[in-house]
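Next come two complexes, and both contain subunit A; in the first it sits with subunit B, in the second with subunit C.
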Partner chain A sequence: MTARTKTLLGFAIVAVVLGLVPNVVEVLDAPGFYLTFLFTMFFWISQSSSWNILTGYSGYFSFGQGAWFGIGVYTTGILATKHGWPFLVALPVAGLVAGAAGLLLGLVVFRLRRLSGEIFALTTLAVSFVLASVARLTSLIDGGRGIFMTGTPLPEFLGDFRTSMYRMTLVIALLTVLTAYLIFESRLGWGLFSIRDDEEVARGLGVPTFRYKMTALGTNAFFGALMGGVWALQIGFVTVEDVFNIRVPLLVILMAVLGGMRHWMGPVVGAAIIYTLTDRLNSAGLADVNQVIIGALLIVMVLGVREGIYLRIRARWIASGVIFFGAMAALTVFDLTSSLIWDFSYALLITMAMLLIPTPLWERLTRSRITAPPSDRPPEQPVPSKTAGT
Partner chain B sequence: MDVDLLAQAAVSGLLIGGLYATMAMGISLSWGALKIINLAHFTFILLGAYLTYQLTTTFGIDPFLMIVVVFPLFFVAGALLQVFFEWAKVDEFRSLLISFGLFIIFTSLVRTVWTADFRRISSEDNPYASASIFIGGVALQVPLIAAFIAAVVIAVGTSLALSHTHFGRAVRAVVQDAEMARAFGIDPRRVAVILSGLATAYSGLAGVFIAMFQVLSPTMTFAWFGIVFSVVILGGLGSPYGALGAGIIVGVVAGVASVVWGPLSAPLVTFLLLIAALLFRPSGLFRRSPA
Partner chain C sequence: MNLLTCTSISKRFGGIRALDGVSTSIEEHEILGLVGPNGSGKSTLINLLSGLYAADDGQAVFGDRDLLRLPPEKIAAAGVARTFQIPRPFDTMTVRENVSVSYMFGHRRHSLEAARDAASEWLAFTGLEAVADSPVDQLTLHQLKFLELARALATEPTLLLLDEVLAGLNPTEIDQSIEMIKRIHERGIALVIVEHLLRVVTSLSHRIVVLDQGRVIASGDPTEVMEDPAVVAAYLGGSRPNA
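Coming up: the complex of A and B.
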């Protein structure tokens, strides 16, 4: 059994297990907020994974996730409410519209002779602002009035609203992560990594850099908008301020950086952690502290765990597993908190504290040399930035 | 279209362009000369504004006196921040992320201290908010005139300092080749610390002027991102005159656009300008200055 078959099998198992969650919740009569918690997590997993396909793989830093998200929200919003399209038809169209917009942007910026990574980053930031002002100005899109999504009919087979949201976000999140994985393992993925490491050399060696970058950008935009389209339903009343703000690009970056941008699993882990923490802090009424913690976490992670949490978990997988599941079991068995989500977040925090121990100190602490499972990637180098000089 | 209205828009745009230049100067210098994309500058501007609001409201200090308070205070803050960056040995990419973290922290601190309510210096403490000078039917707001003058002084002063003083030569040497500069007895870290202090002090000053004529809220930074980065890129990194020129261009174009096509079109036009500039002059419109 090859590594790929194993991973794909893992995907199938995860898909089936998560797919059955709504039924389990129904049978156990568990509170509905578990589903909401999970589908919001799926939203972030998909957003950060799609962002990572461009930025983590190719090294071109994008602030533009909000733009793709916004295109998704508004396309489905307009098609489903003003033109009466069935929601599930409007959704892929939204993805394609954003994909086309992404390719258009790529056509402009990737043709620049001396495009530095920083200029790319700020251009993508600018695109979101342009889209915001276009949406605000054009009465066909928004015109400053907003769109009500609350009455949008959904197909019967998806279940009630919460269950529908769960199923749609789950499918899109699985598709995004699967795509991220398949690209990671493919020729396209290796090409993108070579662009990230040294674009000149990559081009010299015959990597079709332009085409690969366009593919990554298009894929990023497509999935960002697909999930954005579903999210329009969750927002309910769509306004320009809600959609084109700095929140989506900001959190997506945090999640991928925290999890690790050099592996397809990184954003998944990062999104799960950050979303759980922000959700818990918000529900404890600490929204402002939340921001401070998130900011501090970003700084600590960038300085302390350069390779990202995911690769560090792999390097310390025994300790991570023991601590996480041990804490989870202890918290659940002794019933120390009010819900499973709290157990999960405390277990996460404890595990992360262990992961933050610097590598030299860790090696001294674990003299018995716990070795990591064989890695399918060469040792990680610090991410080089795309500066004009390199 | 009213000609007076257009003239008013152009002149106001010119003046507010000076403010944009002051806001962009710090970021441009730190990016161009220190290789640090410091998003925390946006919160320095915000902090400068709120500090001005607080001190003028509490103690009744003249807002213009705040320049003397804010400049040294923010110089120290910026110098300390650079000490931290030097200690952490960040590259451009990491500086973006770390200062993003600082941005989030400072913004939420501002929100905690001053709440999300709109704040404005009362008219007793700030006689300049509504003061204008009229020249042939065109009104010039006093705070904007001050911001414009400050921008010119900062741009000329910084540029002259970079080209004529020992410190300026040291900066340029470090930018060109830090190792070689070290060999000639320049301490790159000290140069960087001083430069970061200056850049931060400029951002603080921009905040003082903003507090003089605008309503403050913690989320106003988001509206600045687009304009400030347009100015930084149009002007060319690390170029004081470039930032000034680009600030004026952006100010005038946005001002005129908002009169011709409505106020919401201003950001759109600004960004189209930016994208056009990226396509045709990727290194900035003004490519002459040192650093």
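Coming up: the complex of A and C.
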């Protein structure tokens, strides 16, 4: 069985297991917040994975995730409420609108040969500010009044509202991560990595850099808006201030950097960790100090695990598995916390503490006691300092 | 038969004429030495032919196309590859991955699977098998220069432009590099060699073109050209010959 077949089989298993969660929750009569917790996590996994297809793969640093998210929210908002389109028809249209907007932006910024990485980053940020103004001033879009999404009818086969949200976000998150994986293992992916490392050399070796950057940007925008479109329903009352703010772009960057931008799994792991911790701090009534704690933790983790958490988990997969599942089991069996989500977040924290042990020390500690790490262990490398090619 | 015909190529940087109406040609299977004092325009010519800079004027006809009007990726597809004087590997990739990427794109499109096999072949040819799966930051300068060669060769070129492959190497490494260049030539690839070590260029090249201040001041048989009074004057007026 090839590595690709194994991974695709893994995707299928994850899809089936997660797909059955609403049924399990119903049968066990478990609290509904489990579904909310999971679908919010799917939202962030999809957002940071889609961002990583552009920035992690090609090295072009984007602050524009809020723009794609916002286009998704407003396109479904307008089509589904003001024009009465069925939601599931409006949704892909939202993705395509953002994809087209992304290509339009790419046509401008990628054609300017001497555009530096900093200017690219600022341009993407400016796009969301421009979109915010346009939305606020145009009565056809928002006009400063906001859009009520609460009454949007959803197809019955999706179940109640919470289950519908769960199923839609799950499908989109799976599609995003699957796309990120397929690109990672393709000529497109390798072409993008070579652009990230040295765009001039890449072009000289025959990489069609313009077309590849456009593809990455378009894909990023498409998935950002697709998930944004679903999220309009969760927001309920859509306002410009809630949609086009700096929160989405900043969080997706943090998630991808923490998890590791060099692997398709990095943003998935990063999003799961950051979302879980934010959610628990909020739920513990620590919303005010939330950002301070998360910020401090990020600094420690990013400096301590330069290659990203995912690659370090892979390098220490036995220890990670034993510690994480051991902690989960202990916390659950002894019923030490009030919910599975708490067990999950404590297990995460304990595992992360182990991952923080520096590699040289770790190798000395484990040399004789634990069997050798897997042979496909990737080289540990620092986070890229380069923001874009020339 | 001419593989590449350059006609009155010019390039200015601000007020400086880096190249001033350069005309020359290279035949199939030929090794052409491109020499001249510092700042004479050798590297500029390589940069124009590989599409890194845009020319102000002139033509460089390769097959039925003008390289000066093609973007770098099309030049690679046409079958022209280059190396950089200071190696520029993809530094987040292993040695093998560097070569694979080059084969995947390059002259023709190839799949990932095909690229892994082809990379092994070029790594063997350049003697880099031992470090094939190392990250590039563990390589010596000599190995990095050979990686530049392996990566250029993996694009399957018919014309290879070598920008000072020997600079910074010790005598043993230089001898190995010369052997490597001969073996590349034996595969039927035409070469343009930019080099400071005149002893090496004159022994390797079939023909030599001497540039001075952006103009061709002499060309022809290596030993005859190096005795040309104009060439001697250019070198004594600039940096001293290394022969």
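Just so it is clear, the second predicted complex is superposed on the first by the 370 of 390 C-alpha atoms of A that agree within 3 Å, B and C clash if a C-alpha of one lies under 4 Å from a C-alpha of the other, contacts with A are read in each partner's own complex, and residues count from 1 in each chain.
The working rule: a contact is a pair of C-beta atoms (placed from the backbone, for glycine too) under 8 Å apart; a residue touches a chain by one contact, two chains touch by 3 or more.
Here the structure is a predicted model, which means the values were calculated and not measured.
> Identify the partner contact of A:Leu303: answer first if only subunit B is touched, second if only subunit C is, both if each is, neither if none is.
The answer is first: A:Leu303 touches subunit B but not subunit C.
> Determine, for the superposed model, which of the two partners subunit B and subunit C contacts more residues of subunit A.
More residues of subunit A are touched by B.
> Considering only touches as defined above, state whether A:Glu200 meets subunit B (first), subunit C (second), both or neither.
After superposition on chain A, A:Glu200 lies in contact with subunit C alone.
> Tell me which partner A:Arg364 touches in the superposition: subunit B (first), subunit C (second), both or neither.
A:Arg364: touches no partner chain.
> Go through the superposed model and pick first if A:Gly295 touches only subunit B, second if only subunit C, both, or neither.
Once the two structures are laid over each other on A, A:Gly295 reaches subunit B alone.
> With both complexes superposed on chain A, which partner does A:Leu137 reach: first (subunit B), second (subunit C), both or neither?
The answer is first: A:Leu137 touches subunit B but not subunit C.
> Check the residue A:His83 against both partner chains and state whether it touches subunit B (first), subunit C (second), both, or neither.
neither
> Per the definitions at the top, what is the overlap between the subunit A residues touching subunit B and those touching subunit C?
In subunit A, residues 384 are touched by subunit B and also by subunit C.
> Within their complex, state which residues of subunit A touch subunit B.
Residues 61, 108-109, 112-115, 117-119, 121-123, 125-127, 129-130, 132-134, 136-137, 144, 245-246, 250, 253, 257, 288-292, 294-299, 302-303, 383-387 of subunit A touch subunit B in their complex.
> Where on subunit C is subunit A touching in the complex?
Touching subunit A from subunit C are residues 50-52, 71-73, 75-77, 81-82, 84, 88-94, 97, 100-102, 104-107, 109, 111-112, 135, 151, 155.
> Quick check on the complex: what are the subunit A residues that touch subunit C?
On the subunit A side, the touching residues are 185-187, 190-191, 193-194, 196-198, 200-209, 262, 379, 381, 384.
> Going by the contact rule set out above, which residues of subunit B touch subunit A in the complex?
Going through subunit B, the ones touching subunit A are 31, 35, 37, 88, 91-94, 96-98, 100-105, 107-109, 111-112, 222, 225-226, 229-230, 233, 262, 264-268, 271-272, 274-275, 278-279, 282-283.
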